[in-house]
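Here's the structure we're looking at; comments come further down.
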Amino acid sequence: MTEADCVECGAEVSLHDDLEVGEIIDCGTCGAELEVIDVNPPVLDRAPELEEDWGE
Amino acid sequence: MTLEASVVGGSGFTGGELLRLLSGHPEFAVTQATSRSYDGKTVGSVHPNLRGLDLRFSDPTDLDSVDVLFAATPHGVSMEQIDEFEDAADTVVDLSADFRLSQESQYDEWYDGHVCPEYLEKSEYALPEINRENLPGADLIAAGGCNATATILGLKPLFDADILSGDEQVVVDVKVGSSEGGAGGGEASSHPERSGIVRPYAPTGHRHEAEIEEFLGLSVSFTVHAVDMTRGAAATCHVFPDGPVSKGDLWGAYRESYEDEPFMRMVAGGSGVYRYPEPKAVAGSNFGEVGFEVDPGNKRLVVFSAIDNMMKGSAGQAVHAANVALGFEETAGLDFAGLHPVGAP
Amino acid sequence: MTLEASVVGGSGFTGGELLRLLSGHPEFAVTQATSRSYDGKTVGSVHPNLRGLDLRFSDPTDLDSVDVLFAATPHGVSMEQIDEFEDAADTVVDLSADFRLSQESQYDEWYDGHVCPEYLEKSEYALPEINRENLPGADLIAAGGCNATATILGLKPLFDADILSGDEQVVVDVKVGSSEGGAGGGEASSHPERSGIVRPYAPTGHRHEAEIEEFLGLSVSFTVHAVDMTRGAAATCHVFPDGPVSKGDLWGAYRESYEDEPFMRMVAGGSGVYRYPEPKAVAGSNFGEVGFEVDPGNKRLVVFSAIDNMMKGSAGQAVHAANVALGFEETAGLDFAGLHPVGAP
Amino acid sequence: MTLEASVVGGSGFTGGELLRLLSGHPEFAVTQATSRSYDGKTVGSVHPNLRGLDLRFSDPTDLDSVDVLFAATPHGVSMEQIDEFEDAADTVVDLSADFRLSQESQYDEWYDGHVCPEYLEKSEYALPEINRENLPGADLIAAGGCNATATILGLKPLFDADILSGDEQVVVDVKVGSSEGGAGGGEASSHPERSGIVRPYAPTGHRHEAEIEEFLGLSVSFTVHAVDMTRGAAATCHVFPDGPVSKGDLWGAYRESYEDEPFMRMVAGGSGVYRYPEPKAVAGSNFGEVGFEVDPGNKRLVVFSAIDNMMKGSAGQAVHAANVALGFEETAGLDFAGLHPVGAP
Amino acid sequence: MTLEASVVGGSGFTGGELLRLLSGHPEFAVTQATSRSYDGKTVGSVHPNLRGLDLRFSDPTDLDSVDVLFAATPHGVSMEQIDEFEDAADTVVDLSADFRLSQESQYDEWYDGHVCPEYLEKSEYALPEINRENLPGADLIAAGGCNATATILGLKPLFDADILSGDEQVVVDVKVGSSEGGAGGGEASSHPERSGIVRPYAPTGHRHEAEIEEFLGLSVSFTVHAVDMTRGAAATCHVFPDGPVSKGDLWGAYRESYEDEPFMRMVAGGSGVYRYPEPKAVAGSNFGEVGFEVDPGNKRLVVFSAIDNMMKGSAGQAVHAANVALGFEETAGLDFAGLHPVGAP
Amino acid sequence: MTEADCVECGAEVSLHDDLEVGEIIDCGTCGAELEVIDVNPPVLDRAPELEEDWGE
């Protein structure tokens, strides 16, 4: 397993091995949706925000 | 002579309240309630309290001619259909945000723009406590947002009495019930996920800030929490005025503003269980409660305000405004006192 | 011409409901509300929904002369004071159990005896759905118990239609809210201990069995549970009739009994969220809902019945009966439809 | 030596409980949790109590090889995928109804048939209190339905002690919380519509009747109500035995059956607030409470039974059964005692 | 080697939590739980979740010799009995306010003075997140107030990171559950009066302001509301720092302070239902959640903090501190993760 | 019925006829407990505060 830093909160995000460019993962600390920009070495960026409805 | 009224969006939460209020109103007869999803079904199949009402939902594309049309649709619908609404009725009362603000630019900033900005100038804000004089004869009335209404009602007397001028720092911390989200609702408003919560649902940037700024001229630091009740909005305003203010000053200010208001109650201390405004003390009614306390150590005033979001915060306010606009008794159709005890109404 | 009314026990839960109903009633003016603990205080200091009422509690030892006296005191108080009540008023409507049963022996068996059994014969049970014909002109009226009322309303049509004769096995499983216990309350009704519960509070031997037997001639297996709501009583009656009964038979029976009743609604299937009787669909109103389902495999009928314990189950029933007794419009003062949505009212 | 476990349906309510229990279990390590909708997301993003767990959901089409696979999917899913499950794991514990009953015909009658009836014979019902002796070494285990579990636990001692034989009349009136419906939920389970209710959601014909008949040999008159709590199932069994039964007989019967059971508690009277079984007294724990009262006048016994539907009623029961099947300490991973006070858990 | 522990005030709410935690703790054996009102009764008769515990309440005048005595009595009791407590135990952990502040003058200002001010200097504040280094070997430990704890945990990282210095304006708006009031409770905390509320119960002048000032050096504008939950305290801190602060700065600050804390979780955005701290996400557990949002338009930071008042806010904090003081694993006895879903715990 | 002004909030408090010195009444507007200091004309003053417990 490799790791990369979350661009939102700076926490380490553990990444599975068969990571693919374009994949979206969430940061376990801050919950940010992160897009895999590159895989070797892994680079993450904030995924385009889906304006999600959240009740009320 | 009874006026005919219709409700567009009659299957929703505030639409149901409008139907309840209008069908018990001495001056109105409800002739139409629209719903696309429940077209053809009885009103009582959606609103169980209205099982006695002999009325079925019909499609909103085919609007009856009425004296007054009430629209209780999501933001954006009324601005698209305002011409049809105006064709169908002499007076339109809209519960959405579509006609509350006066400038197109505000809709650009806070919403997704506006499709008929020419109506913004002519529409009147419904809240009689701040706009009574402009309502008589109005033909487009925009009921306020519930959190904005609670906040404005709480703070307005401080402006009337020159305790605030608009430059002061004010934090508004709001607590609201689940009906504010309207019927339907996704996972976050399912019972297991939503019960028992204190959930920051609008930490910053809530759209009602625009409305408060429009009507009080005050920029507020606004945060909204969802709590475990169905009806109710409670605003706690933490206010930092320039000079010292006594509790007597506050009583003077609030009495001056609200003493003659038929739906405003002041509650600020005393004995018993209910010593400050509480949403459950007004639930189901059109009353608003305001109260306050002074905190000299922190040079702070704390103002509490409580309403039923679907009554004073929307449907009740709309009917109140219509009463004023049409020259009816202000309290007509709005005389329900609320209940005690009541759980989480 | 308005009649004068007083409420003894006005600081209690059902007393508060009486004050709310009577102060909004077109035929009554409330002149007195008693309370020993809150003597001299405003009614609104106890019942926040009645802050607009200009009335203070006074001591029950000094009763005004009125046309109608409503007593909302704990069991045993009215029987001690019935002579004073009758002196003070032409008509007495009592919400306690003191005058519901007809035989002194029943009070010996189910309560702690009776101090003025001579009144038992002349008192009339308030529930118009089963005793309307005897109410006009009655001068002592006894409002039913809330759980008994729910049960009687649920089962009565089965007797009217000869589906039940009184020998059948009937299990009644009741769920009630916290207001049934009245104001005050000890540790078991504190919020932390009572919220979220399904608590068997009367597993067997509930006193309302006596009332049900008195008015239906049926001995029921009765169990009451406290659940998390404030208002409401829901009775589920599991009925084992002698022969097969179809759903059509049931609709016939219930329509026959309740079609013309202004406060009874039938709800038994259909679509939507509310398909059977539910207390929250009638909360705050004087409506009673009844519904049913057949279970041929178990030769069972299931009858559901839901009321607001403080309305149809006591104060509302009392006002309804007074309306009948005094020749008023039956629904006078009782036109509130209830709310939707509503949380746990 | 730790065993590897996976949870299919890990994003659901009982799946979340399994993940909580297994990740705190001394003998298991969780290696996979599946979800189609949350594929790739952290478990903590769905189950906030598990934010500390370093695990992401993965797709159920790609199952890890594990020692034990727990399936927490809706009815019908496991029977379709049982071969994949058996390939992936030595032991399969299924929380759905798919393998609870023994006859294909029962699935034809109560469900929509069965696609792999050959598994019905080999699967073992999970509830140790009635099937402990068959669990060791079982490789397909079917956790019971929550309402059936509550009922079976309440009534079983009456059969063990020959107080019931199976021909008697038994009415079971169940009250359940909102988590029983699983995650997601439509309009009827939205907070405004579902809070404060007593709603008859299965008046007759509930599928758990089949399970109760299968394991007790008793046909019950079964009705289920939804009430305002999130966790919990409470069954009130109104039992009409042939001859007289004393409270002493009942204590004897229940102690005989449950005295040595690590998760069964008897509560039948006494002082204090909690005198009979209550779901909130066991919420979050794997305990089941049973209690009873006699009603000689009606020749009735009333039996109360309370569990947490997601613990003793499914995930907890599943882990308990796995402990027995695999020879672990029975209480391993299940030692949480529950909370006091607790609101509506 | 197991240490012996006793709980003075074992029949109360936090006393019950202590008994639950200590009886499941690997390093402690509970030998005594006191109660004057329940002297001689089983612990399970008051705390139904502890029915499995073989322990009876005894009178507090006769204290066992133990290693650690936990006191969970109302304010004022421990300061009267501290000598007896110290005689009975090597280590005393007190949950009341009696030993939290360092100066007698603070007790004069905020409480009713102090009877043994000489102990104030030697007592250590329990919250490990701010006082871990002073706990080892401490023999008098004072667990923090729940509202103060929530506030301190929320704001401390801003001081650590020099975002705040102590002169800034900070409004703290707290929402708490009913267990904060302890067992017993009068009319205001009865279920009918307290359910469904948003009640300003401490508009100004809450005593916890003193504690916050003591440990953060910050004077806060503090207001507390009671809301409808049983467990939980949520603090919303509206913070006005001197210069601009980005969300990245905040993540840096909070990670720096809490990354290695076993009981602190950061939640500030993301997807899913639970995006910010919520009391129900930590209910029953010793976790604290903190989160934040920036509001550049108002030059404001909003900080959210949520704890279970009876765990991280008192009993859990006390056990955590005892673990540190005695050199145990910090999380010993505190590993319960909390539940999902959970209603209003 | 006579009236007097509440010393707390200034609202009019309606007083019954057989008012006695020392009597405590609450103001219907602000809820303050008021003591009758004099009866003719009626004079009210804030009643000595009973530090009432109010839950929590």
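Worth pointing out:
In order of appearance the chains are A, B, C, D, E and F, and numbering begins at 1 in each one.
The definition used in the following text is that a residue touches a chain if its C-beta (ideal position, glycine included) is under 8 Å from a C-beta of that chain, and two chains touch if they have at least 3 such contacts.
In this text, all values refer to a predicted model and were calculated from it rather than measured experimentally.
Hopping across touching chains, the smallest step count from chain A to chain D is 1.
Distances between chain centres, each the mean of the C-alpha atoms, put A farthest from chain C.
Chain B and chain C, compared by their mean Cα positions, are separated by 34 Å. Chain centres here are Cα averages; for chain A and chain B they lie 41 Å apart. Look at where the CA atoms of chain A average out and do the same for chain F: the two points lie 65 Å apart.
Each of the following residues of chain F touches two or more other chains: 26, 31, 54-55. Across the assembly, chain D contributes 13, 41, 45, 51, 177-179, 183, 187, 192, 195-196, 228-230, 273, 278, 341-345 as residues in contact with two or more other chains. Every residue of chain C that touches chain B in the complex is listed here, in rising order: 13, 16, 20, 23-24, 41, 45-52, 177-179, 183, 229-231, 265, 267, 270-274, 278, 281-282, 284-285, 335-345.
On the chain F side of its complex with chain B, the touching residues are 8-11, 26-27, 29-33, 52, 54-55. Taken together, the chain A residues at the contact with chain D in this complex read 14, 16, 23-26, 28, 31. The part of chain E that touches chain A in the complex is made up of residues 247-248, 251-252, 255, 259, 266-273, 275. Contact residues on chain C toward chain F in their complex (touch as defined above): 40-42, 44-45, 51, 54, 56.
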